[in-house]
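Below you'll find a set of structures to go through.
Two complexes are shown next, each including chain A; its partner changes from chain B in the first to chain C in the second.
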Partner chain A sequence: MIGLTWLVPVLPLAAYIILLASGRRMGEAVAAGISVTAVFVSFLLSIGIVGDVAAHGPAAPTVYPWLQFGSGSAGTITVGYQVTSLNALMLLVVSLVSMLVFLFSRSYMRGDDRFSRFYQYLNLFVFSMLGLVVSPNLLQFYIFWELVGVCSYLLVGFWYFKPEAAAAAKKAFIVTRIGDVGLFIGIILLYLSRGTFDFNTLFGAASAPSGMMIHAAAPLAYAGAKFFSLWYIPFAGWHAGAFVTLVALLVFIGAIGKSAQFPLHVWLPDAMEGPTPVSALIHAATMVAAGVYLVARMFPLFEASATASETVAVIGGFTAILAASIGLTQRDIKRVIAYSTVSQLGYMMLAMGVGAYVSGMFHLVTHAFFKALLFLAAGSVIHALDTQDLFEMGGLRKYLPVTHATFLAGALALSGIPPFAGFWSKDDILTAAFTSGHYVLYAMGLIAAFFTAAYIFRVYFLTFSGVYKGDRHPHEGGPAMTIPLIALGVLATIGGFINTPFAPILGNFLQDQGPIGFNPPANWALMAVSALVGLGGIWLAYTLYRTEEGRAERFAQRAGGLYTLSFNKFYVDELYSLIIVLPVMKIAGIFQFLDRWIIDGIVRLAGEIGYTGGVGVKYSSTGQVQTYGLVTVFGLAVMVLIVIGIGGVI
Partner chain B sequence: MALQPFLALGAILFGIGLYGALTKRNLIIVLISVEMMLNAANINLVAFSHFAVTPNVDGQVYALFNIAIAAAEVAVGLAILLSFFRIRNSSDVRDVNLMKW
Partner chain C sequence: MADVLLLLILIPALTALLIMALSPKAEGMIRAIGLLGSLVPTAFAIAAYAAFHHGATALQYPFSVRWLAVANAFNMLTLHIQFAFGVDGISMPLVVLVGIVSTLSFLRSFTVTERVKSHYVWMLFLTMGLYGVFAASDLFTFFFFLESTLVSSYFLISIWGGERRHYAATKFLIYRGVASVVLLAGLIGLAYSFAAQAQTASASVVLPNAPNFLTLSIPQLIAEVQLIQLPAAAQNVLFLVFLLAVLIEEAFVPFHTWLPDTHENSDTGTNMMIGGALMKIGLYVLLRFGAELLPLGLQHYATLLAVLGVISILYGALVAIASRDWRRLIAFSSISHMGLVLLAIGSMQAIGIQGAVFMLVSSGLLTALLFFTVGAQADRTRTFTIGDLGGLSKSLPVISGVMLVAALGSVGLPGMSGFISEFSLFVGGFTTFPALSAVGTLGMILAALYLLYAMQRTTFGPVQTLVTEMPDASAVEYVPMVVLVFLVVLIGVYPDVLGNVVHGTAQAIAARIGG
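Coming up: the complex of A and B.
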């Protein structure tokens, strides 16, 4: 099966091309059918690949030379694909979630004018994401990294006729571009230092045989001096450690942008202007996890630099608590879940930062399931009610039983209530933070977990319990909607059992080439604490929204400034528009003025002189032949006089 | 006889013709003035042909050519004049103002 890996991304690409070629002529059923089939086959192949990797271990990368610009391996850029346990896992998750979202979209997007176009973009996205996952070198990785960014732009702005959607698409693209620049500089520095883009040889010994896994070479990272001695430092006078830290931080800036971590998190909540299946697939399960995947893929680099790892952990922990506290007060159902995504990605970064590689990837997987589920359930609610405002919902348990049950499963998983999926992974991360001695980060994670349970059950109670406040007749959206919900609901419920302390299947699978990073030992006391914190959050939401009318409002009033801060997202957007957007617009305005009126002005003036002069002069030709003749004679006379004056012709 | 009187005659004739062509309002007079200028040139040609260092017949041949051309020109000019008169019912040169933007 590993030999067929190339087919996994190519199938959605083929579907994309077919849809592109047939355009609007293709019916909805056919377009959706082709797409779902393509991704379904990709999913089956991914299962086979995971089985192969589990049975025989990872395979050597298959690469083909692409560009030859020098001698030796440094002068050749290759393309190809590579299967390690890490990207086999990602293949499985991405294709599974994509398949379910594709199915869901069939119903959600029914009747949209550009239905086939929607599936085109989705297919292109899935191709890019799968391509990103199987990339064997950083350059190819970067190309697909940008491609998923473009697809995100296209899909967020899918309803471009809404001005907010167009603005959100632009914001998403530009903000992630800021991170991408950092990543690109990091990649170039790595290339200068190591003479290769290949993941395999990047961190391995210079003599590492091709096909050796990056992870196998990872132990070198622990022996710091030996690791650094292999590095060529392109800056004179730099200590190798400082250089590695610099590169790691630059790479992490890329991950910050894509995974919406703290300074660059502002784009993700706005990206909710896109259709809900897009939010579920791109902005919850797959693309935003690419940043975490990047950190996992470059794990030896981060391991080699304590400063960089600490930065990753701190940014992750801070993002987790910041986004969770914003999520507490938002009114838009999708925005709450979006902030939840930011917060959960923060957890993953926290895990990567403290070295808990397996915990981070584990949380990525479970999060992909339960967050895609929450988004799709929210999509089902929006589909039924045609509103996203939480305070216009209520009592939907009666009308949407399947959505209710699956949303509850997702909410419990997100809150970290045993035995749901999120409990095992989140607890793993918190344990790792605690055991590795990051007590402050642990406390932040714990508070964020409390907030998480509170905000998601706030959504749950406002949406599904009580009485319906609107005047529509909500109903379920048919099997194309409910089947993905049920499938993801099951995964969110039992997905955690792939890596329990009793049976660390995922851990063993990911570490088939030897241990990577830090595996926290099971700690029952900490587990109990996180479960209790989750229950506490649920209790808070219950008392505020279910026991007594108006209690939540009173609570908000008592919180005063804190509530305002949270409701206004800590004014980060306002701050950015004040210190970045506004000055940039001003400078751009000045340059626009210079360009339009000074540079263009000179050019236009030249043309204007010719034109206006011509128009003015034309009235002097009156059509009177005798005047013409007179002017000619006098002109001749003057010329003759001049010639006589200067004494000769010329 | 010397060359100068002939040249003087030609110059005077040319000057009168030029003045007439540029100032007269009647198209026919303008045409006649143009003929005068041509004939001034003819006088010059014949004079030079006779009084040159090595007198020869070339100038007179050119003068004959000029007379033929002048005849053709007058024919064309009168034809234009005639058709203009039919359209505009005028022979005033100021009414001929088509040669502008």
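Coming up: the complex of A and C.
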């Protein structure tokens, strides 16, 4: 199966090309059929690949030359594919979730003008993510990383006529682009110091992914030390560790942008302006997971720098609690879930930062299941009600039984209630933080977990219990919508058993080739605390929204400023607008003014003076004769110069 | 096949003469003949590219004819004036670029209805001049064709341009005219300095062109430079002269204000020619004469190049953000992109020089595509003002889609030619100037900002324009869009299609400047 790995991304690409070529003529059923089939086959292949890796271990990369710019292997960029246990796992998760989202979209997008175009973009999106996952080198990784970004741009802005969608798409692209530039520089510096883009040779032999290689090689072939010291940072004189830290942090900036971590988290909540299946895809499988995957893939680099790892952990922990506290007060169902994603990604980064590699990847997997589920369930609700405002919902348990049951499973998983999937992975992360001595981060994670349970059950109670406040007749959206919900519901319920402390199947699979990071030991006390905190959050939501009318409002009033801060997302968007966007626009305006009136003004002034001086250059009302004359003058001048030159008078 | 380069120049010129003989009323025939006159050389250029010998270091497809000899031109030396052509890995891709861009511009010129005959004549002369500039292997030949592009583009701007066309055309003429004079001084200085140096050195070194030391032939000069070097002081002075010419010619800050005015006041076909091909001459000069013949000068002023490059990157991008007219935005965007090339040449690395050629080709294709799509929408909406547009995706899905592709390509999206160009440029840049290059990467963010912001207001959002029922792309309009998108994606997906040709020459140049 490993030999067929290239097919996994190529199948959705083929579907993309078919849909692109046939344009609008293709019927909805055909477009959806081709796409779902392509991804389904990719999924089956991924199962085979995971089986192969489990049985025989990872394979060496298969590469082809792509661009030559120097001599030898350092001067040749290659492309190809590679299978390790890490990316086999990613292939499986991405293709599985994508397949279910593809199926769901069949109903959700029914009747849209550009139905086939939608599937076209979805295919490209999934192709890019799968291509990213199988990349054997950093440059190819970056190429697909950018493609993932542009697909999200196209899909978030799919309803291009909505000004909010157009703005959100642009914001997503530009904010992630800021992160991408960090990664871009990081890749170049790594290449210049190590002479390769290949993951294997960057860190040493494939069989022993270890931080040692980077330590040893870091005193660097890289010496830009040729010219004036003003213009280069003399890396050559740097302590190797400082250079490794710099590169690791640059790479991490890329992950911050893609995985929507503070301070670049602002694009993700706005990105929900796209159709809901797109949100499910972005939040669960094809976009934000890429940042965490990057940190996992580059794990030896982060292991080699304590400073970089600590930064990852702190950013993760802070993002987890910040986003969770914003999620508590939002009115839009998708916005709550979007902040939830930001927060959960924070947990994954926290795990990576404290060195718990397996825990972070485990949470990525379970989160993909329950977050895709929550988004699709929300999509089902929006499809039925045509509103996203939580306060116009209620009582849907009666009308949408399947959506209700599956959403509940997803909410329990997210809240970390045993035995649902999220409990195992989140507890793993918290235990890792605690046992590695990061007590403050542990506490932050715990508080965030409390908030998490509270906000998601706030959504649950406002949506599904009580009485329906609208005037439509909501109903389920048909099997194409309910089948993915049920499948994800099952995964969100039992998916955690792939890596319990008693049977760490996933951990063994990922560490097939030797231990990576550290594995937190089972700790009953911490487990109990996690579960209780989750239950506490649910209890809070229950008392506020289910016991007494108006209690939540009074509670919000008593919270006062804190409520306002949370409701307004801590004014981060406003702050950025004030300190970044406005100044850039202002500076651009000033430059434009300078350009028109100062630089070009001097030019025009010189022209006017020349005219009054009798040279015969007046621009605006020149007649044909004059300008023809001017051409001749120039021609003459040139001829004269040539003659002088040839005559050797110079 | 050997004289293919001569054909590239003769066919457009002869076609122009043929059209001159036709009645101005025979517009259909003029258009057909004109298109053919640009299509045939393009086919030859592509064939030459396909048959290009990758490994060879000598100039390929050489052709030369002596024109006149000036006896005792300098120190008893005879000067032979000749027309000579030949291409290497740097000029070959640019010759093909000229072919593709010119043919597509001719298609676009089908929409020109005023003074059709003279329009086609000047377009053909411009095409000839551009081929000549990039195919020349002799200083005189090069300069001759450079001057011819100046005259033909001047008339194209001043007759078929927009409201302020005379102003723009005169400005174009003055700036580029001054650049030509400076360049001429540089070329003459170069030839004479080499002659003097060769005469002195001939006592101890056997030179390939002995005893004909006064030569204008570029391959002879390149052969000489590997045996004797001009004194550093002479190289520095000459390099500065060339640099000044290049800064004006290529519209680098602060000598750039003619370019936005030119683009704002030219018709779309002319803009495609200028933005797609003519605006690559300046940096080609820097590579050809600066990097190849004055290695010490380049080394001496490398930092200056990088600084000027970064200034142009940021300045161009910032003004582009505030531009209200699409054509001005594209002009500033290309100023910003050319700044990257300057930075890369300053890096003196093989990968940077290869990236420079990639960027010239890529930016040529993408600029032509941007001008074409922007012009196509303006045919329908009657405006280039970004703020007056909006929601074009609704009525013009194809044109809007291609415009988005062009914009994303210019932003440097992987899968298209811009990415691999930017990446190579920056690898070169970071090798030599890490801190400056880091500042330069801000341009990548700003490019996304101005292009996507403009796209948001053009194709996205609610419909703004008064005209709502518009026909989407016609069959003739599909051709340039399909061809350019195809090439941009081809280079993006399989860059070796270009890299194979550029690689050897880039290596050779870098080796000489010590990169």
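In this section, the second predicted complex is superposed on the first by the 560 of 650 C-alpha atoms of A that agree within 3 Å, B and C clash if a C-alpha of one lies under 4 Å from a C-alpha of the other, contacts with A are read in each partner's own complex, and residues count from 1 in each chain.
We adopt the following convention: contacts are C-beta pairs under 8 Å (C-beta built on N, C-alpha and C of every residue); 3 or more make two chains touch, one makes a residue touch a chain.
The structure presented is a predicted model; accordingly, all values stated were derived computationally and were not measured.
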Looking at the overlay, what does A:501 touch: chain B (first), chain C (second), both, or neither?
neither
First (chain B), second (chain C), both or neither: which does A:67 touch?
second
For A:418, is the partner it touches chain B (first), chain C (second), both, or none of the two (neither)?
neither
Touching partner for A:263 - first (chain B), second (chain C), both, neither:
neither
Of chain B and chain C, the partner touching more residues of chain A is C
Please indicate which partner A:536 is in contact with in the superposed arrangement: first for chain B, second for chain C, both, or neither.
neither
May I ask you to decide whether A:33 touches chain B, chain C, both, or neither, giving the answer as first, second, both or neither?
neither
Shared chain A contacts, counted only where both chain B and chain C touch the same residue:
619, 621-622, 630
Taking the complex as given, what residues does chain A use to touch chain B?
618-619, 621-626, 628-630, 633
In the complex, chain B residues that touch chain A:
18, 21-23, 30, 93-94, 96-101
Mind pulling up the chain C residues that touch chain A in the complex?
70, 72-74, 79, 81, 147, 150-151, 154, 158, 164, 166-167, 169-171, 173-174, 177, 180-181, 184-185, 188-189, 192, 253-254, 257, 261, 302-303, 306-307, 315, 318-319, 321-323, 350-351, 354, 391, 393-394, 408, 413-415, 419-420, 423-424, 426-427, 430-436, 438, 441-442, 444-445, 448-449, 452-453, 455-456, 459-463, 494-496, 499-500, 503, 506-507
In the complex, chain A residues that touch chain C
65-71, 75, 139, 142-144, 146-147, 150, 153, 157, 160-161, 163, 165-167, 169-170, 173-174, 177-178, 180-181, 184-185, 188-189, 191-192, 224, 226-228, 231-233, 235, 584-585, 587-589, 591-592, 595, 599-600, 603, 607, 617, 619-622, 627, 630-631, 634-635, 637-638, 641-642, 645-648, 650
